[in-house]
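For reference, the structures are reproduced in the following blocks.
The two complexes that follow have chain A in common; it is paired with chain B in the first and with chain C in the second.
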Partner chain A sequence: MPKRVDKIIMENSDVIIKHWLEIVSERRKNDYTSSISEELFQSTNREFVNVIFDSLETKGLTDELEAFSERLVNLGWPLSYLTDGLQTFRRVTIDFVLSQHDQIDTDFFSVILDRVDSWVDPIINKLVNEYSGNWEHTVSLQRVALQELSAPLIPVMRNITIMPLIGTIDTERAKLIMENLLDGVIKHNAEVVLIDITGVPVVDTMVAHHIIQAAEAVRLIGSTCILVGIRPEIAQTIVNLGIDLGKFPTKSSLRKGFETALELTGRTIHREKKKEKIVENIMASLEKE
Partner chain B sequence: MDFKSCVNIRQEWDIVGARQLGREKAKELGFGTVDQARIATAISELARNIYLYAGTGKVRFEIVDQLDKKGLKIIAIDEGPGIRDVSQVMQDGYSTSGGLGAGLPGVKRLMDFFEIRTEWGEGTEIETIKWVR
Partner chain C sequence: MRIPILKLQNYLLISIQIDLDDQSAIQFQEDLLNKIHKSGATGVVIDLTSVDIIDSFIAKVLGDVVTMSDLMGARVVLTGIQPAVAMTLIELGIHMQDVQTALDLEQGLIKLRQELEG
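Coming up: the complex of A and B.
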């Protein structure tokens, strides 16, 4: 009997395909794929339904299906396009087979369902796996990228290092900040480290606590930590919270902090009158090119 | 109440979600930058306490509109262990987690109204309001 079901389906594939295309196109009107051109949508539908039929013929997942799903993943089509499409396909096919018989006993009915399920379900599973694998991959890549960004250390000058912090600080990142800071101070032999919090949106007790601990640790290995980039509103909330940052130097801007760092490392800033000369040199060298 | 007025706290990043929603509401109400920062910080403290001490809970926002003033109400609710001695946790420096112990007294100073309702073993509900100046 399963053979008979397959035969009905294969012999009437054009009717089933036509019906399926109608439903899928109809549903599209209020749908997720609205940013995709009509032409691409229709050709993808046709390709999709052919791939489904191929997998029935060969009784298994085909290379075409694999290539097809991979391409849709890369193009960023929603998974629901594929799963909805397959559910619709299931229904259309079952409806069609049933409509070919006046009388259907329950045995035959369950054979039809089994047959269609055993065909459609593996395809759905395959696609869902393909998609979620891709998402997991993307998330893990972004995680790594984020980690690389999370606590950079820039040795600007001999003995002076800057750690610019941008974005939210969670527990994991706070740990990284501490590690990178201590590693960096030792590696670059920094006498002064500037932590710039201009880009940190909220400084709550947790963030403040971690900064205090980091500064304390830096002090213990014999260097100085200067906290810079404290925006006025952040200064206010820190005071409201009753947090004492008095134990280590703080400066409103990176520039002021850097000047302090220069002083601490025994340097002074000289503003020489050679500016014009420098500009002339630059202009001259540009003209040569 | 519109459904976008509540953030469930289940993981650490939900704290950021609560903060962002609160800041959005504060902006809509016309709070200045400093008060926005105060509100965001208060939400951060309350949400983190839920995450740390109760595990899960939620932060709800309400706009209070009275004849003479408008404000943002923040309610942090959990069914965690509750607080045994409220006056103790309101002391600066009291912490059971090795923190600064500045969160709750800090929130009280950051905001205009502050109230803790808690039952030992039942959970904690903290209500706090900031008025638009």
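Coming up: the complex of A and C.
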């Protein structure tokens, strides 16, 4: 009996495809794929339906299906296009097979359902797996990229190092920050390390706690930590939350922090007065004449 | 095993190169205080570069040694605390607030001299 169902479907594939294409095109009007060109949409539909019928003929998943799904993933077609399409296909097929028979008993009905399900379901599974695998891959790549960006350390001068922090800080990142900070201090032999929190949008108790811990650890290994880039709103939150940052120096901007760092390492900024000297020389030579 | 304590002018230099257990830590505390008493040293540098583990007891002993030495008129600087050790201490809630630290022996000596002379 299952053979008969297959035979009906194969022999009338044209009718089923026509019917399916009609429904899919009809549904398309108010739908997520409306930004895709008509031509591309039609050709993809035809290819899609061919792939489905191929897998019926070969009784299993085909290379074409794999290639097709891979291409759609890369093109960024919505997953719902495929799942909706297959669900529509299932409905159309069952309707068609039923309409070929005047009298249907429950046994035959369940055979039809079983047959069509065992055909369509593996395809749905395959496509969903393909899509979710692709997404997971993207997420893991982004996680690695984020980790690389999360705690950079810049040695700007002998014994002075800066760590600019951008974005929110969670526990995982705080740990990474602490590790990178301490290893960097040892590696660059930094006497002073500046933590710049200009790019940290919110400083709550947890973030403050992590920063304080990092600063304490830096002090223990024998270096000084200056917290810079404290914006007015951050200063207000810190005081309102009752966080005590009094134990280590803080500065409003990186510039001021850097000046303090220079002081701590026994250096000052000296501006050469070349321009003024030139003017003075000219004046002197004028006076001589 | 006893930890050697070296005298250099009026400084004492100690490099701890074993993982301290409770016994040797207490022994070290006694030895150091005796040495300060005998030599009249005004500065002490304890180098912890090769120490990989410091537990809460050792941290307490070290903190006590610093306070005791201070009482006897010798400033103490701890140098070369490893990042991993620092992280563990902070996680244990041991902040060693009153202890002076420096990156290495050289910086430690500079710090001591600044404090004693300046």
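The rule is simple: the second predicted complex is superposed on the first by the 272 of 289 C-alpha atoms of A that agree within 3 Å, B and C clash if a C-alpha of one lies under 4 Å from a C-alpha of the other, contacts with A are read in each partner's own complex, and residues count from 1 in each chain.
We take it that a contact is a pair of C-beta atoms (placed from the backbone, for glycine too) under 8 Å apart; a residue touches a chain by one contact, two chains touch by 3 or more.
Note that the coordinates shown come from a computational prediction; the quantities given were computed from them, not determined experimentally.
When the two structures are aligned on the shared chain, A:Q236 is found in touch with chain B, with no touch to chain C.
In the superposition on chain A, A:G222 makes contact with chain C only, not with chain B.
In the superposition on chain A, A:L182 contacts chain C only, with no contact to chain B.
When the shared chain is aligned, chain B comes close enough to touch A:T168, but chain C does not.
By the touch criterion stated above, A:D117 is placed in contact with neither chain B nor chain C.
In the overlay built on the shared chain, the residue A:A208 is in contact with chain B alone; chain C does not reach it. Residues 78-83, 85-87, 89-91, 95-97, 101-104, 107-108 of chain C are the ones that touch chain A when the two sit in their complex. Considering their complex, residues 168, 170-171, 201-206, 208-209, 212, 232-234, 236-237, 240-243 of chain A touch chain B. Chain contact summary for the complex, chain A toward chain C: residues 178-179, 182-183, 185-186, 189-191, 213, 216-223, 247.
Every residue of chain B that touches chain A in the complex is listed here, in rising order: 12-13, 16, 19, 33-34, 36-38, 40-41, 44-45, 48, 92, 99-100, 102-103, 105-106, 109-110.
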